[in-house]
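Here the structure comes first, spelled out in structure tokens, and everything after it is commentary.
Labels run A, B, C and D following the written order; every chain starts at residue 1.
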Amino acid sequence: MPYRRAPEWQISHWFNTPEPLTLARLQGRPVLALAFQMLCPGCVSHGWPQFLRVTAAFPELYAIGLHSVFEHHDVQGTPAALAVFLHEYGIDVPVGLDMPGGGAGPPLTMRAYDMKGTPTLLLIDAMGRLRRQYFGPVSDLHLGAAVAALIGEAAAGNDNPPADEFGDVGRR
Amino acid sequence: MPYRRAPEWQISHWFNTPEPLTLARLQGRPVLALAFQMLCPGCVSHGWPQFLRVTAAFPELYAIGLHSVFEHHDVQGTPAALAVFLHEYGIDVPVGLDMPGGGAGPPLTMRAYDMKGTPTLLLIDAMGRLRRQYFGPVSDLHLGAAVAALIGEAAAGNDNPPADEFGDVGRR
Amino acid sequence: MPYRRAPEWQISHWFNTPEPLTLARLQGRPVLALAFQMLCPGCVSHGWPQFLRVTAAFPELYAIGLHSVFEHHDVQGTPAALAVFLHEYGIDVPVGLDMPGGGAGPPLTMRAYDMKGTPTLLLIDAMGRLRRQYFGPVSDLHLGAAVAALIGEAAAGNDNPPADEFGDVGRR
Amino acid sequence: MPYRRAPEWQISHWFNTPEPLTLARLQGRPVLALAFQMLCPGCVSHGWPQFLRVTAAFPELYAIGLHSVFEHHDVQGTPAALAVFLHEYGIDVPVGLDMPGGGAGPPLTMRAYDMKGTPTLLLIDAMGRLRRQYFGPVSDLHLGAAVAALIGEAAAGNDNPPADEFGDVGRR
């Protein structure tokens, strides 16, 4: 099998959900997660609008935000700061605060996925495998294709997808 | 099989191709066709830009334009008018002039597909079956999904696709 | 006086007006005219939308379209073709068909203003003087400034405006 | 004179300027100021892009940002938070942190101008008079007109402008 299991995320604080959302609990449906920082311009201008567009178009997805603060922790990194951001932007999907790794570096989930920065999109299939990871812009055309393929597999009960014709990080 | 064979198109004049492009000749790769009128505002502002975006993103597609003139035939309907439009807009994909049906009504290909107007997108799979027909706006997300599914089937040699989970005319 | 009198336009056919609109008749209010061709992509995608935006924002303006066909006369140049274009695009401001100059060259109004192509915007003050001529893109910021200045002069009865601080063809 | 003197702003901390910028010091050129909050979506998506567009188009303006925090003071209201925002968004015009008024209410400059929220644009003429105050969206067309009028007055040494034909808060 060419895909690795998506690392379980490590979250210090959840918003917009009554209980923690582990990957294990979400299995059975594809997951689209957006790792962002509240003061990252590309996250606010492109990442979040596209993420909300995709999750509205494909309600079969679990939609999860990950606040992966790797710089300016004092300003962006607190639950209070994240709560204000979510309130001001009217975001009501579940969002987890990525667990600080100690010191000034990236948080633990960001490290486990070896993310290069924000925004990063993670696309995880219904079996819990990491199928796509996009850092920076990806077109709606290619993202829609990647998402729909996982929804189709889940609907068909197909747990042995073809090797990915789009390469490691997804066609953009 | 839930899909019907795409009707062969009927063309009076081809542009940007050394020889006529019948559906029979194109079999083996999915086809995306845009039926338009040169003076239809939605075709110019949305239809053509999206069509060119999709065909650039997915080079596995055959990209075909169909000039399906169902009104103002005297102004829009001549090969000379279409030639000027293609030149001014820098369109270099093959475009066929949909065969006039006689009188003021819709042309023959438009009738065969029972198109409601322009722009209409036709998505035909590598086996020559009509899989999607969109009249008016469709999101890049859903169009990318539909196109990529047919490319995936063709690559896998899968000629027995699942019943369409998106319904008759495609999710938008 | 640093401004020249705007040349009277020469029109073979008017649309959307019960009688011909000479510049002499329009004097007393500023005039914004858009010279275009129906198959010029920049005219359709940028020129007309901006022109309609400006004339809606500043109802003090006379808004006039000039169909200045300098190429592909057989396809674009007839009153019938222009009528279809205006109908399909829902344009209801007065539009004049610039008088053909004979042969394949530019029409007479286009020549009188020495236009370089389409779209071209002409801004004429309430005294009938040509104050701005923009070929190609101009920002809403600078166009709004230029239009409002002429409206202000007309309201103040000021017929001796300062030399233009923006230069010959207008700041963009 | 129908215009009131713009109240001097009250700033607790300046960024991107070697010394405090009082209105008295800026007199002689028109001033465009943007009052914003770093976590206000409309400020980030529309207010700042338009402000930067206007100040690039009209270099005769003094461009000033005012961080007028009237809610979520603990997250948005510190100099450290503002410094991160300016760094992440690449903003290099002078920005002042509006002086907190004590408690949870609006800061002192916001009160002095009776601002209704953010984003708010203030347009102050070269004589130090408040000429326009826009809360929320204003079109580039009308903003360009208002700005250029003040630049024209300043260039002409005209200190007795006509009563404003656009009304109290500016045409949008």
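Criterion: contacts are C-beta pairs under 8 Å (C-beta built on N, C-alpha and C of every residue); 3 or more make two chains touch, one makes a residue touch a chain.
Since the structure is predicted, the reported quantities are computational estimates derived from the model, not experimental observations.
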Every chain in contact with both chain A and chain D is listed here as none
By label, the chains that touch chain B as well as chain C are none
For copies chain C and chain D, the superposing rotation on Cα atoms, rounded to the nearest 5 degrees, equals 180
For the pair chain A and chain B, the C-alpha centroid-to-centroid distance in angstrom is 35
Chain B and chain D have mean C-alpha positions lying a whole-number Å distance apart equal to 51
Chain D touches at least 2 other chains through residues none
Among line, ring, star, complete and other, the chain touch graph is ring
Note: in the complex, chain C contacts chain B through residues 38-41, 44-45, 72, 74-76, 78, 80-81, 84-85, 88-89
The residues of chain A that touch chain B in their complex are 53-54, 57-58, 139-149, 151-152, 155-156, 162, 165, 171
